[in-house]
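The chains carry the letters A, B, C and D, assigned in the order they are written, with residues numbered from 1 in each.
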Amino acid sequence: MNDTAPVTPGHRRFESEMQVRPDDLDMNAHVHASRYFDYVLAARYDQMERCYGMGMEAFLARGLGWFTRTSHVEYKRPLKLGERFVVRTWIEKFHKDGVRVEFEIRKHDSAKLAAAGWADFTLVNLANGRATPLPPEIVAKYAV
Amino acid sequence: MNDTAPVTPGHRRFESEMQVRPDDLDMNAHVHASRYFDYVLAARYDQMERCYGMGMEAFLARGLGWFTRTSHVEYKRPLKLGERFVVRTWIEKFHKDGVRVEFEIRKHDSAKLAAAGWADFTLVNLANGRATPLPPEIVAKYAV
Amino acid sequence: MNDTAPVTPGHRRFESEMQVRPDDLDMNAHVHASRYFDYVLAARYDQMERCYGMGMEAFLARGLGWFTRTSHVEYKRPLKLGERFVVRTWIEKFHKDGVRVEFEIRKHDSAKLAAAGWADFTLVNLANGRATPLPPEIVAKYAV
Amino acid sequence: MNDTAPVTPGHRRFESEMQVRPDDLDMNAHVHASRYFDYVLAARYDQMERCYGMGMEAFLARGLGWFTRTSHVEYKRPLKLGERFVVRTWIEKFHKDGVRVEFEIRKHDSAKLAAAGWADFTLVNLANGRATPLPPEIVAKYAV
């Protein structure tokens, strides 16, 4: 049985621009390792609404939520106090009950890579906490 | 009209011991200013259950929650990586629809003061987000 | 002995626009109480550089830093997922060795007040951790 | 050229017990995805000092620091408000200039797995930010 649904995601890449906050820094004055994935999650929330046309609120209104199943982050160059950066994300593939999202975080000024990686997100029925297959109309919106 | 309910809180002081995590530090390798209030909130959650005998889950089960109305923190000595500390809190007075909590955060080893202050918390009906008077049975549990 | 230096701050108000990140939310889906002060600190870093013309790096280069001595936050209306907001800050008065900053956080769309308050910051000599009087050239830059 | 140094780590597993803080929760009242890796970093700091006998301060005193190169987290069961949990970590292998650490986070009461994964950490010369080979005396302490 194949875990991957027979859809061809369009791999369209979307971008969100953000800025480092002081509370993101660690004692080396670099962004703390775990915050890069926070930036990815913030970019996804932004892009779900703005780019795919179906934001988190629309999922919640249907009793659905997205849980993170796996995160994988490779750290390339540290972001520092006040730096502007761009988070680019795209759907690499659809699973039966979720998506594989890939991402890049690049410095705004130099376009140099600060971090890159991927995450698997599972669609969950919030009433019982169980994974649920992606409804076709959601796949349609997200397969761009 | 008096905002303070005619109860005499017992002012009993309760303590929770905690330890600084690396993600709590700022670029000066001190605990970031906003995290001291997080420690107070963590201590209150712990003490609500363990010391007053009515934890946050019991409030949620009645459709009630606690919202922070005011926080006031005075920073005395920085906490550093891995330091153990004790958060002592007590109810200073009851408002009609909430409590004034005072707190001290002391270093575990020296008992020196790291931070002190107070916060007002309001009891809220989660269904409509409105403040609600403290039910007598809750006052009874908390007026120790 | 007067703790307040004989300067008349211009009380000029500066603004930084920001957006709520998912990691700022609490279990009520509102911004967690301690994060409002993080927003204020982020706004100050931005405005120190952009509006006063002397950013944190310039202080660090002189061996100086700013430590928070007191924070006071009044919570008015919760900020929610993805909301845009504006942090307005200004210097209310100069202390001998620091500043009193006041702030307002308003929702971007409605201009309604989400939080307001003030904080005292002390200028510190990073070599010994001691408070240090504000040099006149710093007062000149900040008394706008 | 082989990136893996010819040492056989002892794979000894060390444990740190911790508790969820309210500021760790997300809007689903589960621990926010990025915080699990914060728990791992906190456990490593604790165990470096307490279990290996060479804490972060000892590295800093030599002008050395540890940077995260990769983090990989698989999320199994959510941790909730106030839950106690145990973070078990061990060195899976030595790289020439760092270590691969594996980890498990288990609920304290049930021993059920909340999260598991691994991270690569690189030893860095803080003066120039460059990776540096592990000195033999550090390998000796950490190859237990």
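Methods note: a residue touches a chain if its C-beta (ideal position, glycine included) is under 8 Å from a C-beta of that chain, and two chains touch if they have at least 3 such contacts.
No experiment lies behind these values; they were computed from the predicted model shown.
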Of C-D and A-C, whichever chain pair has more C-beta contact pairs: A-C
Centroid-based (C-alpha) most distant chain relative to subunit C: D
Centre-of-Cα separation between subunit D and subunit C, whole angstrom: 34
Approximate Å spacing (C-alpha centroids) for the pair subunit A, subunit D: 24
Subunit A-subunit C separation of Cα centroids, rounded to whole Å: 31
Junction residues of subunit B, two or more chains touched: 22-23, 28, 32, 34-35, 38, 41, 81
Residues on subunit B engaged by subunit A in the complex (per definition of touch): 22-23, 25-29, 32, 34, 81
Residue ranges of subunit C touching subunit A (in the complex, touch as defined): 19, 21-23, 35, 38-39, 41-42, 45-46, 49, 55-57, 81-82
Residue ranges of subunit A touching subunit D (in the complex, touch as defined): 28, 32-35, 37-38, 41, 65, 67-75, 78, 126
